[in-house]
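First chain A sits with chain B, and in the next complex the same chain sits with chain C.
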Partner chain A sequence: MKPTETDGGERPSIVATATGEEETFSFEYDDDAVELTHRERARELFDELIYKPAIVASKDRRTVIGGLLFFGYLLMGTVGVLVYPAPTSNQVDRSIAPFTTVDAPLGSTAVGEDVLSMIIHATPEMLQMIFAGGIFATGIATLIGTVAGYKGGRIDRAITSFSDAAMSIPGLPLIMVLAVVFRPSNPLVIGVLLTINYWAGLGRSIRSQVLTLREEPYVEASRTMGVNTFRILRKDIIPNLMPFILVNFANAARYVVFTSVGLYYLGILPKSVENWGLQLDEAYKNAGALVADGNLYLLVFPMIAIMGIALSLILLAQGLDRVFNPRVRTRLAGKSESNADDAEEQRSTELIH
Partner chain B sequence: MNIRICYVGISRIDVITTTFIVQCVSWLTCNMVENDESRHMQLNRRRFIELSGAAGAISLAGCADLVSNEGDGTDGGGGDGSGARHVSMTNKIPAELQWNNSNPSTRAEISRRAIFDRFVAYNIKTGEFEGYAISDWSHGGNTFELTVREDLTWENGDDVTAEDVATQLNLGLKTGASYAGYTESIEATDDTTVTFTFNSELGEQIPKYDILAARYLHQKASEFGKFLDQIEEDEEAGLQALTEFAYSEPIASGPWTIESKDQQQLLLKKRDDHPDAGNINFDEYVFKYYEDNNSVYQALKNDEIDSAFNLYAPPDVVESFPENFMQVQTPGAWGYGLVPNHDHQHMGDRAVRQAIQYVINRKQVVNNVSAASKSVPPYPVGIPSSKQEQWIGDHTDAFDDYGADTAATEKATEVLENAGYAQQDGNWVDSDGNVVEVPIVEPSGWNDWNDATKTIVDQLSSFGFAASSESRDYGTLTDTVWPNSDFAITTGGWLDGVPQGVYPYFSLHHQLVKNSRGFSYNYPAADTTRGGDRGDVTVPAMDGSGEQTINPSDRLDELAVASDEATINEITVELAWVTNQDLPMLPVMEKMGQSFIDAEGEWSMPDEGTDSLGIRYPNTWLPRTGDLEYKG
Partner chain C sequence: MINYYFQRSARAVLTIWVVITATFGMIRLLPGGPLAQLEAKLLRQGVPAGQVDAMLQTYQNVHPDKPIEVQYIDYVVALIQGDLGTSISRNKPVMTIIADALPWTIFVMVTATFLIFAIAIVWGALMAYREGGAFDLLSSGASIVLSSVPFYVLGIALIIVFGYQLELLPTGYRSTSGIDPESGLLVFILDALDHAYLPILSMVLAGVGLQALAMRGNAIQVLGADYVRVARLRGLSDRRVAVRYVARNAILPMYTGFLTLIGFNLGGSVILEEVFNYNGIGYYMFLGLDNRDYPLMMGIFLIITTALVISVYIADLTYGLIDPRITTGESNETY
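And now, the complex of A and B:
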């Protein structure tokens, strides 16, 4: 049982009531108790992981809008690509203006590609990049940050120096060089590549969080009980960092979106997959969209797609922060009257960007 | 601009990122557009030839050299033109320019056409050569004499002599210019006559195209003679010195000379002692720097410049230009094609090449890219579209047009099936079950080409080839990918470019034996520097009975020396037939060069359709003849 859970300590007395027997209060579990609480534990998990977050989330417009938006992109990237035909040249007439025909609702390019189709079919790869980049960046940062922060001493100094070095490498040029050398075509690889040194800054802030957490009494208790480091990190430290990590996951994802779009726009990443950046590039270079006013829609629609996903990630990051903030959560889930502004002021989670 | 828009609302780091990206854009553009052939200074002669050969490609592919527009305020001037200036564009940073044509690094493109006089003016409309700095020439079998224009002087007052011309041409001989293959010696026989002596007799047309056209009088003997001596003493060191010499303060032979240059613009001033100075009624010629085509579009749209010498602009963009701009289109004798690697498992198979050519709907490609500035070659042969009627017009029944405006998939299927290929799960596979892949390598940032490749990939994919495209930096292509045969199939110019490309000897030579872009495409008939061994090619006989074996290299040598029309025709048709049947390169489209000039605002131009517009580029040629005038 995680000592951090607020209701953890009450369980033995619940057990006593359920069995109807008088028992001496004890911190220890017996087998019966475990068996009896299976359903309750499921329920509790549901409460903790779904119900309460859902309540908190639903009270916050930002989370709702962000969530819906992101869900829209998920749909586009999964169902959308299955039901909407892929873009090819001459699938519709050339240079159709937007909102004139259902064949190409958002118009078509000079080579007769449906703009909507290009936007939809760029989504799955973008989502893959986001997840790969986000998981890689936050994963490495968490590992490095927690180990450095918790272990301290020589290990801390070594890891910190390493991440300082990584941080001092200018990220974008490094990515550009790697992209040119390796010519990655798999979106997962591209996602990882784009966050190749994003973890460093995040790792440092996680380390500083851990530095405070490691002094908490329950961590000290675990240490005294001889629990091994890995287990302490996994059971005591990281769960408390989750809000911070998830919020930064969303930020890392946004970073991946912008960087990938930028690098595709510049023609640095190979054109192996559809991407909104490629659309911008083609609109600017091939169609002269900034000069030929009639072609402006070729720039606007992919830009809306990019801004939409970025907006959804920003809103989600802000909303998630509230979901994970225990004080706000308890208040809202417990139906206590809470004022959103108050809650905001109490935000403890720090955003990286 | 647009990058910035998509970064709106993001934190400082993103702003920094954006700034960086914007800088990268310029950096990339510079590298892509300008230094294309500049990064290979370890020279040997072969490399040098490849470099000089690749030179024409840049501007032709839509990465035009650009100009700039500073003095809008001062643009006006007196009615007599004093103080008037013509503002044009360059895509190279003026401060970095140098004018040694033997040094491919930061070599000036458009401004050299203003600062130096051309040997002759070749008119692509009429096909005529008009004497200029070389006022006359005569062909005598194995000799060729050039006469230097009499009253011509260099900027410093020295007369332009035969010695100057001979020095420049001899440097070409040492560095492997195209005439080096058949020229024994070049001498100044008197003050105004330069005499070429050839290894053997040569037909009349070849030296004209090869020696006279597209050459400028730029290497004055007093400045460049030393390199010739140095090369005599130590070839390697001499060549190195020549190709590394940055001629940043050139001595002009043309009507304009450099007044100043900075990061933004190159300012030229009229030379009053030039024989044609009287025809020019404006004093200053400015080349403003624009880093890419889009910024030139913007400048034209805002009427910031008076001319753009060569600029690919799609119809929508052209429409956005003010009406006072005249668009002058001249055939490029150059255009987008596919160059297969003949050593490749599938691309080396004639059946696959023919199938690809059949499947490509050339008309659709042209319409997708820009019907206004591209055209469909009627027959895939090694002769430019405009000359096909003239040379193979009597034999068109025999020649295959591979479906110019349709995807001839039935023919493609037939050819492939006859060669043992079969369709499996929608994909074409060879007899061993290997899927036929068509990975097309193309230069990144060549907009028109990228659209063409995209269309072709879709056409081939829908037929069942596993087609894809991969963009590479142009420098990487010329440095490594092409010379190392590191491709299965790549995009490339299937003609030689103006003016040589207009004459079949050169265009056939380009396709069959020694292409000017350095593709090591391993065609058996090709030169060893292009991966071949000048071998034989066997194709079906033109009359339909059996086969015929031809050695293109030998036949081209015969064509070079042929002087009677019948022989020239016979060999040309025969070699065109080889290119049509064996497809050493796959022609797809041909380009029209686009120049834009203010014709109705402050400047007056000849009417559209006038023959003199056939001389490239109008904004540097027409002022010399008084046809482009400032009118206030």
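And now, the complex of A and C:
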């Protein structure tokens, strides 16, 4: 880079036209410089978004195991469903013990349904519920939390009162009552219903994060420049919250898994789709007989399916926390600038239900 | 300070009012359910239509012929007087059912929540002190695995193992039939405990992992704080540093969580008590849902909500007592 270019390019030429009271004020770069920064920024973006997270993630066993596990469920819910036949009664012999035949590797039920097939075909709906619930909960929480935290004052008090009220309504009974009233059958709707007041607690912790973020110099700079609130939230505040939001997405997803399986188990949600909870319910109804006949596998396999997906989500939530921790990233990516040996900064661990 | 208490009280009342209003609306949205069936049955039996209406109204506190605001005021007044209507499936006032069931649920859930926190605090603190060591690694792994099991799944597993296979503990119900306080208080208590072990154990095992990890995080943060270093340099005994400096500050953020978790677990009792056939309020709420017994369902929903609101309220009011630093009335500049 030639010095002359640096002079013209790197340094922003400040164009300030004073027309009466209005004052336009902008940072402008030469075209050359813009090209350069584009390339640089692309590399920086790649560094920040892919390279460093990948390094940190691969260094952390939790993220690797959790990611692989979750990827397994994704495969099961997309490819697996297409490849493996759907469960119907009498598709194989009745009550086959597991690991005896390839037709039904995990055994079959008393009406001749393949247990593995039941588990696989319950996955797509579960994934839809997870994503719908996770996106709804984190989306609303982010909106409410950032607006309340950033705006402050009366808006903050109104929103906080509202979300505090929502938070003190017990989730599970509320969901049950609503499920009985509205009888939802679409997994996306069920996902949203399950997180109907989950956003409240999350919104509150996002709010408290925003309260500290909004005092940052760069936010203050934007504000002084007269950038409007939503742009500040979108450009300055929310990107900084993304790590926290993603971690909580995984937590919300785990909550959706637990609650949906529980509600299917209770028979409160309509039995129109396959679900591990329904399998549990079927098997547990005659628990005494199960133990006597040694048919426990009917209970054990859906349990393993539930635990597996929950485990993958917890591991991701725990590991992602590190991926987004700037100090850990810098240290592991080998670009340590400051004293990276500092004790890892722990993100305040919020109470998770 | 007065202002702070006033705000919290207003918020608690407001929440309960919102929920009461919501249930009022939802009862009117509900599909016919048992009432429609009951109505048809009574009419078929030749009971005069007016009498049928009157009977149904006493059941559900719904008086469709009155204007909506009068209905609403009647409903709120009845609730304030403790009248939650009459259960259709049990044919008893909802309040009587709740009075019988609530102590059992509270016993199980408060004990479970208390144990969760007691264990989590000690376990998490030990992990933090041995951070990075084998104990920490194993414990963290164990807590993550434990928290990947929903409590009801754990409950089913425990019933299968201890109830059916080892036949050590009862597989359900809150007490053996025939045993009540009159057959000897000690016998009764031991019997009740026998039935409560597994529900409590499943709540504790499934809940303790995440809390321990939270405590570990808090304690590690406190251990790195300057005032702990200063305390060490002052030559204070390890024990004193551990208890007075580290433990106190690490437990603080978990206090609100403790009270809200009790309320939260009360909600979870619907699944837990169904698994264990444990006749607490959760069990009856499930009955209400299953039989479309709306007064029972809504009554218990209101009770659980009130319990949660009150525990959050207590947490808010007492937090200032245990943490003097609490800033009352956040005065944030508006942007």
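Convention: the second predicted complex is superposed on the first by the 292 of 353 C-alpha atoms of A that agree within 3 Å, B and C clash if a C-alpha of one lies under 4 Å from a C-alpha of the other, contacts with A are read in each partner's own complex, and residues count from 1 in each chain.
Keep this in mind: contacts are C-beta pairs under 8 Å (C-beta built on N, C-alpha and C of every residue); 3 or more make two chains touch, one makes a residue touch a chain.
All values reported here derive from a predicted model rather than from experimental measurement.
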Item to check | Touched partner set for A:A158, first chain B, second chain C, both or neither | outcome: neither
Checklist entry - Which partner does A:P270 reach: the first (chain B), the second (chain C), both, or neither? => result first
Next on the checklist: Output check: A:L49 vs chain B and chain C. Expected answer is one of first, second, both, neither. What do you get?
Outcome noted: neither
Checklist entry - Is A:L68 in contact with chain B, with chain C, with both, or with neither (first, second, both, neither)? => result neither
Checklist entry - Touching A:L299 in the superposition: chain B (first), chain C (second), both, neither? => result both
Item to check | Touched partner set for A:M307, first chain B, second chain C, both or neither | outcome: both
Checklist entry - Is A:V79 touching the first partner chain B, the second partner chain C, both, or neither of them? => result neither
Checklist entry - Per the overlay, which chain contacts more chain A residues, chain B or chain C? => result C
Next on the checklist: So in the superposed three-chain picture, is A:F258 touching just chain B, just chain C, both, or none of them (first/second/both/neither)?
Outcome noted: both
Next on the checklist: Taking the superposition on A as described, I'd like to know which of chain B and chain C A:I169 touches: first, second, both or neither.
Outcome noted: second
Item to check | Residues of chain A contacting chain B in one complex and chain C in the other | outcome: 172-173, 176, 180, 258, 261-262, 265-268, 280, 284, 287-288, 290-291, 299, 303, 306-307, 310, 353
Checklist entry - What does chain C use to touch chain A in their complex? => result 11-12, 14-15, 18-19, 23, 26, 29-31, 144-145, 147-150, 152-153, 156-157, 159-160, 164-165, 171, 210-211, 213-214, 217-218, 220-221, 224, 253-254, 256-257, 260-261, 263-264, 266-268, 270-271, 274-275, 285-286, 289-290, 292, 297-298, 300-301, 304-305, 308-309, 312, 332-335
Checklist entry - Which chain B residues qualify as touching chain A in the complex? => result 1-3, 5-11, 13-14, 17-18, 20-21, 24-25, 28, 292-294, 297-298, 301, 313-314, 316-317, 319-320, 364, 367-369, 444-445, 447-448, 450-451, 454-455, 458-459, 461-462, 468-471, 473
Checklist entry - Touching chain C in the complex: which residues of chain A? => result 62, 150-156, 161, 164-165, 167-174, 176-178, 180-181, 211, 214, 223, 229, 254, 257-258, 261-262, 265-268, 280, 284, 287-288, 290-291, 296, 299, 303, 306-308, 310-311, 314-315, 318, 343, 346-353
Checklist entry - So in the complex, which bits of chain A are touching chain B? => result 88-90, 94-95, 110-112, 172-173, 176, 180, 258-259, 261-262, 265-268, 270-272, 280, 282-295, 299, 303, 306-307, 310, 353
